[in-house]
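By written order: A, B, C, D, E and F. Residues from 1 in each chain.
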Amino acid sequence: MFYHIKELQYNAKPERPDPILAKYMQELLGGQFGEISVAMQYLFQGWNVRGNGKYKDLLMDTGTEELAHIEMLATMIARLLDGAPVQEQEEAAKDPIVGAILGGMNPQHIIVSGLGAMPADSVGNRWKADYIAASGNLLADFRANLNAESQGRLQAVRVYEATADKGVRDMLSWLIARDTMHQNQWLAAIQELEAKENIVVPSTFPRELEKREVSYTLFNFSKGNESAKGRWANGRSLDGEGTFKYVESPKPLADKPVLAPAPPYIHNTRPSLLKNDMIPPSNC
Amino acid sequence: MFYHIKELQYNAKPERPDPILAKYMQELLGGQFGEISVAMQYLFQGWNVRGNGKYKDLLMDTGTEELAHIEMLATMIARLLDGAPVQEQEEAAKDPIVGAILGGMNPQHIIVSGLGAMPADSVGNRWKADYIAASGNLLADFRANLNAESQGRLQAVRVYEATADKGVRDMLSWLIARDTMHQNQWLAAIQELEAKENIVVPSTFPRELEKREVSYTLFNFSKGNESAKGRWANGRSLDGEGTFKYVESPKPLADKPVLAPAPPYIHNTRPSLLKNDMIPPSNC
Amino acid sequence: MFYHIKELQYNAKPERPDPILAKYMQELLGGQFGEISVAMQYLFQGWNVRGNGKYKDLLMDTGTEELAHIEMLATMIARLLDGAPVQEQEEAAKDPIVGAILGGMNPQHIIVSGLGAMPADSVGNRWKADYIAASGNLLADFRANLNAESQGRLQAVRVYEATADKGVRDMLSWLIARDTMHQNQWLAAIQELEAKENIVVPSTFPRELEKREVSYTLFNFSKGNESAKGRWANGRSLDGEGTFKYVESPKPLADKPVLAPAPPYIHNTRPSLLKNDMIPPSNC
Amino acid sequence: MFYHIKELQYNAKPERPDPILAKYMQELLGGQFGEISVAMQYLFQGWNVRGNGKYKDLLMDTGTEELAHIEMLATMIARLLDGAPVQEQEEAAKDPIVGAILGGMNPQHIIVSGLGAMPADSVGNRWKADYIAASGNLLADFRANLNAESQGRLQAVRVYEATADKGVRDMLSWLIARDTMHQNQWLAAIQELEAKENIVVPSTFPRELEKREVSYTLFNFSKGNESAKGRWANGRSLDGEGTFKYVESPKPLADKPVLAPAPPYIHNTRPSLLKNDMIPPSNC
Amino acid sequence: MFYHIKELQYNAKPERPDPILAKYMQELLGGQFGEISVAMQYLFQGWNVRGNGKYKDLLMDTGTEELAHIEMLATMIARLLDGAPVQEQEEAAKDPIVGAILGGMNPQHIIVSGLGAMPADSVGNRWKADYIAASGNLLADFRANLNAESQGRLQAVRVYEATADKGVRDMLSWLIARDTMHQNQWLAAIQELEAKENIVVPSTFPRELEKREVSYTLFNFSKGNESAKGRWANGRSLDGEGTFKYVESPKPLADKPVLAPAPPYIHNTRPSLLKNDMIPPSNC
Amino acid sequence: MFYHIKELQYNAKPERPDPILAKYMQELLGGQFGEISVAMQYLFQGWNVRGNGKYKDLLMDTGTEELAHIEMLATMIARLLDGAPVQEQEEAAKDPIVGAILGGMNPQHIIVSGLGAMPADSVGNRWKADYIAASGNLLADFRANLNAESQGRLQAVRVYEATADKGVRDMLSWLIARDTMHQNQWLAAIQELEAKENIVVPSTFPRELEKREVSYTLFNFSKGNESAKGRWANGRSLDGEGTFKYVESPKPLADKPVLAPAPPYIHNTRPSLLKNDMIPPSNC
């Protein structure tokens, strides 16, 4: 169960309105690796943990904090949209600055949300749950989390670089710091689980059931062998179970497949038409 | 540029048709972490690498191999659909097995693809590029890759457990082995980059620009402090730049936000109506 | 900012596992009018309110409660999936009940979420923010909310009717009661605003700027005039500004449009080809 | 069955081309609450009415009129795109106005539709049926309709304010008037049904089956009790079946859930690893 | 502008309810090539024709008819859902047939639409405008139409084969006949335009601006040269402008691309890290 | 199985960076008819062919080539994004050109992809498999292919016209030439199949099972009979099986449908409420 207080976790005040920057900030709110994504990802992982303990608690701690970050970004975006000069009056219509803003801002910030934040990314794609992962296997999921925080911090840094607004930069420097913590934190949790299990997810599948002869092989499918010089092609495998191998010219291990014809009631192209004889063209 | 040969990388022959299993297998082909996702993810990462060298080569090697895995899965699914007993004739209509299959299989395998594989997951969601990541920052992206291979191997293992078909299990044991390699490989690449950079992505953003006072803090937003016992709340941070800290009762650092009213031409609720006075209800 | 406690707002324990019912329950969690939708809708509306006061507070109160309902449903679904008999062993493979469940349940509950809830609806569509509305105009938005609670309660009632599980029905009877409150509550808020403004949203647009001659007219575009007998075609309009009128045979008020040709660099069909002359067919 | 005439219901002629305004107008055509949405919503509701009579007729009347509105908007958008100066010739390339338009307009208006309207919103999201509702319960659905007309009129008004083009304003003043009618009309239909049933949808579910002790309770989940002053927290409930109640400090009514472990063949994190013991970190 | 009459264009009465068949029929209503797709595709093409004449009229004739087909399918699906035995009473709960139907039917037909048709396909994907094309170039668009009618008739035939219900087959035999007409009709229109223009769309782009040396070349990118035996690799090209050529071993015509490094403020992987030196692994 | 070489099939070098043009080029890479669509469409069609021979080979040849075109476009887009002037420094912030580019370019090219290509179209919609078709019936599918190449070449030509960059035009003139070949090629394959089968897909459905009385009828549903002058309304049908007929005033062939009431447990509007009696309005 959740409780809300109206105070913000941290400041969300820009120096001045900037509707194009508001469009950019939407990426951090409602993009693939934005705050909605991490909030929903951590909460669903937490709710699905079968058992209890510190991992579940950590997921709920962090997921709940991310809800506060959504709130900060929504507030910041609304303020960046304050008084966007979009009313077309006789005079205003002649102003090229109004035109540039009308062309460059997200039209839905005017028409749809009434100068409010949208649950959408910087090009207007609405947030979707396709962005998140919650598998029930925590080592897999913590890797999803580490990825999300890596992509998310990278994006926040890029927006930071794209603006000179001191208020926006102040808030971003807070969010970037939190992403630093979250990368550290998921990495710590990953290291714990890797130490207890194996680095290969899932660690519980009996290794003898996989084709071990290709479990440590790098196939060179892109001509040129720069990749042969990597750690992944030399030495003991990281999971300690094998030795890396490099195959310069990979060969197929199975024949050309030929699929049986479909039954007539499917009305695919009839088998007899799939022959190789050429009919003289009828292009008159 | 790509070349294709018609031989398969590995066998893709089931013991017998099974249209419900075909529906399940779609997850591994066209799901969030299926073969289309990893193929497209690695290829886009490879094409976007600015510079050259072993990382780009590794991405192109692996992305190209994943194309072969799409092919294997498409072939397997078509064969699992061989002769699905879906024609409703007078007699067949009375057969409960036909009914069960018609109810349980993916209807699009009959109506849309004509007993072929679909670029879709196990519930029929068509594949979408929202599943993939390619950021230009390789440490971030290799973490996305490690996650994808972890989730992907987990899903392949679950399908392996759900079938007793020896042909399907044979193919899955190959794909599971390749996922073992790919987890090892991305982890090796990650360790190299972490050693050269820092574990925090992006490593190039000056640390003094973030609010370092919260870069290593775990806020306890979910009551109960099991999470205080984790590595992430104790000792030196993994990036070597700070010390973890646990905050039992996190407090807000900013006031309640009050947004300025929108200009009249936006036609939001008028500010005067946002007062707290209660009007006697007019529910007659 | 939000805080979480681990206790549930209300019970979420089924009598027994039932993976097909779990699939049905997903509609209430991640469907168009499920709990994710109302949580996100109310929170975004609340964050976007420009000003403060009781409406904003009401939105945040209710949005925060809906987060607890997501949690209850996620918990219930995980329990309905407990020990789903999906492992295909030699013996199990012969059991038609296993087959029926494999065919009827959501495959992603096995393969993707590992017996956890998904942020998706009952047919597997992942949740998307296209479902929600937050316009900055509270009368419009409260109508969106009243609709969401009406559709949502209807759906919960239908699932209630579809199961005999006492634990599921117990939880649903709680959620249905909350939907009763929420319908009452949004209706009360709507009545307040309608009394202060006008029933027509937005009330701030000057009426003389609309074509008032058609502001109260019902056009009979579907032959048969049953609709003429409705309140909407007779008497004073509900907004008190006009009189309803019924037009038996509506006529167009503008000519056939003819669009000017596109410039050549667009490469549309050339204007000269859009003439009516018929060319003798060349079907040899 | 439908018939079409080529005349427009009302004028759709702008004073002059304006490709950026064309982008804005797409919201009213193909957005969440645009004309495609209301046409499809009313028609599907009408087709699904089980029985006949004035409500079905009203739905078909209005749904059919909305098809005419799609047509008007499509015509208007094509004309706003007339002769968009997008051809990049040596000279034109140097013109900053061409550049501003190329940057600000919807690229698909050039590349995809050849200066025609798109079934998409103002940021280019293609229309999707996720926007509409048709539940079989008319009181629920008429609330969806009232919401759609409220959001839709609000959006039309905002676009009206954003342009000074007399032709566009003329057409919008017609559409805004129709939205006035449609809000009146759905409200009239809602009042009829509310008088015959109860305000709570569905009215046919026996009230004794819901947990009536929370059917009229406002839980204060967002600190601060401004919401206590609303009609929804005081007096008789609007449905006449209870009395509103305000709970200052809501408490959970169920314990912390602990989910049972998944069976081994699901390969979730092993239960033994979900313990709270901390492993000394291996970050070398 | 459109008018509606309540009579159906053709019968839409099944012999008996069948909720699983209702699920299948959804493909023909709301699938990629279902009736919503063709209605919207033809209407948008018609509205976007720049000029007038028989092609525009033909598009509007056919688009308007397709609206009647949506109506027929919606009616049929509602009737197939009549009295679906989904109420779980003590006794019914024990009936395996109820279970099979609950597992095999579309749950949204119960929970969401209340036994009505959905704007969705047979696996529950809601209809989306991504399915349609309207380019302003009629030869291109008529080819889209011919494809849509080919795929659509194929799907209708497959559903026809999958059911023995005489009422459903009666309606499908009507729709299949209309698809026969529509394939004939679009082909006739295509032949007219091909005779007036050239078979290559767009015919108005000066041929000397394309690299004509590869305008008639088949590159053999998939090993094995069965494709060399096709008409497409031999003789005069169909557009009469060249001669087909077969290239056994296609070679690249450009060098390996090396992308310049991104500027530092993008925070991609630093160029110096993209070197090929291998670092000894730190996997402790 | 696939192999990759790092050389490009053809040049992909612009004269100079142009981030707005990069946004436009995305349509050709990741749009509905972009290179990802044709690659995936041909490969899935090829994998699903049941049997072998020249058609399968042709599909694999062409699908594999399209992978090379994705690669060329990705490379071109990355180069058009080289050094986009998006860093907001004190000075740069004052530059209106920077502002125009920030407003006009795709923000995700900065924030998400780090100046790399995206698997998305020109307005930012991510690629989705809803765009492609693979039915198992090759005549249907080759028509899908001919359409895709027609739409695709049209779009490439429009982008060609919109830029003066010699490098971009050079690459486009190559891709346009390939589209010329591909239109010729699919048309040649279509003519072969049409000669062997019948022009109506599927040709294998017995004609006596369709309602032949409407198989060649044009219904005039849009008033005005320009369409009567087309080939499609006069003479022998193109499939040689009938004679075209024009029906000036089409009539319905079935009665008004009246749907039976839903069972009570569905909680639709009660049948007794669907009567036509009007209740005096309660609008106080």
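Assume a contact is a pair of C-beta atoms (placed from the backbone, for glycine too) under 8 Å apart; a residue touches a chain by one contact, two chains touch by 3 or more.
These numbers were taken from a predicted model, which means no experiment stands behind them.
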| item | value |
| --- | --- |
| Contacts common to chain C and chain F (chain labels) | A, B, D, E |
| Neighbouring chains common to chain B and chain D, by label | A, C, E, F |
| Equivalent interface positions on chain A and chain B, same or different at half | same |
| Chain centre separation (chain E, chain F; CA means) in Å | 8 |
| Chain A and chain C: spacing of chain centres that average the CA atoms, whole Å | 26 |
| Rounded Å distance, chain A centre to chain F centre (Cα mean) | 26 |
| Two or more partner chains touched - positions in chain B | 1-9, 32, 48, 50, 52-56, 60-61, 63-64, 68, 75, 78, 86-87, 100, 103-104, 110, 112, 114-115, 120, 123-126, 128, 130, 135-137, 139, 154-155, 157-158, 161-162, 187-188, 191-192, 202, 205, 221-222, 224, 226, 229-231, 238, 250, 252, 256, 259-260, 262, 265-268, 276, 278-279, 281-283 |
| Overall pattern in which the protein chains touch one another (line/ring/star/complete/other) | complete |
| Interfacial residue positions of chain C with respect to chain D in the complex | 5-12, 32-33, 46, 52-58, 60-65, 68, 75, 78-79, 82-83, 86-87, 110, 114-115, 125, 128, 130-131, 133, 135, 137, 139-140, 143-144, 146-147, 150-151, 153-155, 157, 160, 173-174, 176-178, 180-181, 183-185, 187-189, 191-192, 199-202, 205, 209-222, 224-232, 237-239, 244, 250, 252-257, 259-260, 262-263, 265-268 |
| In the complex with chain A, residue positions of chain F that touch it | 1-6, 48-56, 86-90, 93, 96, 99-100, 102-104, 106-108, 110-112, 114, 123-126, 135-139, 187-188, 191-197, 202, 204-205 |
| Chain B contact footprint on chain D (complex, rising order) | 154, 157-158, 161-162, 226, 229-231, 234-235, 238, 265-267, 276-279, 281, 283 |
| List of chain C residues in touch with chain E within their complex | 20, 23-24, 27, 31-32, 100-101, 103-105, 121-125, 154-155, 158-159, 161-164, 221-224, 250, 252, 256, 258-262, 264, 266-271, 273-276, 278-279, 281-283 |
| Chain E residues within the chain D interface of the complex | 1-9, 30, 36, 40, 43-44, 47-48, 50, 60-61, 63-64, 67-68, 70-71, 74-75, 78, 112-120, 126-130, 132, 134-137, 282, 284 |
